[in-house]
């Protein structure tokens, strides 16, 4: 799969857009890696983001993977295209317990309009980084919409 | 589909578990309705929960639907069973713009171990309440796990 | 949701395209209803389409729902647009046992390029028609592709 | 992920069950590889299994991946457990054009009751074997059901 970025300034563009995702700051998540077709986001455990058993809420896990997948898609889009999530599916493999987590997105196929991305969410424990959840997502490039500027 | 609750105190049990989901308080979400196989959660728009275009983040939309679907499933489970999300799929139909939102979950089929639930997320605007996103989820009943008490 | 067909001859167009789906004939499936945004396909049980326990194979169940969903989407598209499946998710609720089955698709949201459709697969037993499986699908309108004529 | 088979005769058990899937014979599909947690099924293009543009029907693509994923899960289950598909999600990346195809399933996480499997469907062209579709599936082990013998 050709994953040459159409915009040489893709990283700057992704980082600027990420900085506008207020939800990422609220989760305490940081954008740690941006490569063509691949993005990594990291976040700490936070007791105020848990579900009833004290694990990170599956929705919070999803939020981080969705952003990682969306920006992985955007890294291959041309300047001026905005990215929107069309759909995603998440399988939860293990409770999200740990001190620190890593969400990553990797483009499988980048089309002109639709991009398919897979995501992972791992607990970073220095001993295998167990897989907590996985995502398959479809992202859409939106153009000529002045109200949607990434 | 028989949706008779196995536990007459299902509502109290769901509300007590919901109160332990710290993530819901962090999102400002409240549990507004609990009926057998059906749960509704409401939340306001919050600028600190947005994606880059200023809409509610798709992950936040998912978080509220996941909780609504999980508790819809739990409302039909017997006392002592904990509920975990196995998987869910979300289709995003429109940007989550609005002042107030409603996430709902409705059980389609309640099995002994697995329950299939559909979810909706709507902008509450008093004029049709447009559909923002829909979910299909599989929830699992977990028993005899003292570490997982709902 | 506005589900006015853009092409008054939508039914004829859907039926002509369906007739070219050789797989439908191979499954013994027939197109029984075509309405704007809604399509129903029926098929009999066939022992040569079963999985290892003698139920209709989940893939056969999916094939019928995919066609029903795809043509439900196409019924709202303008003349000349071809329809392709982008993705679908299937939840299997009960084994596909029975004599006759009905797959249906219903458009939830028809956009210019992407249409979201929900599908159902029921055993037709004259006593409640139990739900066997459900689908959520994204369909895409493809234009200006002479090799893809519906 | 530990993928040691619980039954040393797993291959024989998978092959015997596959031989009872009448739908596989109807599609002309053959079981080409069975390893612990991994199964490959191959099938030729067939004009009687196509959709309206002459490509293999997305449902046929799904049928082969569902069997590959189901048997990948079963290869790790103990003797006497039957396998049923709980749900799957398919992303279609490219039209299924070609002469021969390969569907594969690989277990991501094998639990006692639920197994998560990823599947791929590729056109076998001796030049990269382009990816046509991918699947994420949840498979369930069913025990003590004399009517469900794999």
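Of note:
Chains here go by letter, A, B, C and D, matching the order in which they are written, and residues are numbered from 1 within each.
The working rule: a contact is a pair of C-beta atoms (placed from the backbone, for glycine too) under 8 Å apart; a residue touches a chain by one contact, two chains touch by 3 or more.
As the structure is a computational prediction, the values presented were derived from the model and not from experiment.
Within the contact network of the assembly, the step distance from subunit A to subunit C comes to 1. Between B-D and A-D, more contacting C-beta pairs join the chains of A-D. Once the centre of each chain is set as its mean CA position, subunit A and subunit D turn out to be 29 Å apart.
The distance from the centre of subunit A to the centre of subunit B, each centre being the mean of the chain's C-alpha atoms, comes to 22 Å. Chain centres here are Cα averages; for subunit B and subunit D they lie 32 Å apart. Across the assembly, subunit A contributes residues 86-87, 89, 91, 138 that each touch 2 or more other chains. Across the interface of their complex, subunit C is touched by residues 89, 91, 93-94, 108-109, 116, 131, 134, 136, 138 of subunit B. For subunit D in complex with subunit C, the residues that touch the partner chain are 17-18, 20-23, 25-26, 47-53, 57-60, 62-67, 82, 84-92, 95, 147-150. Interface residues of subunit B facing subunit D in the complex, by the touch rule stated above, are 86-87, 89, 113-114, 138, 140.
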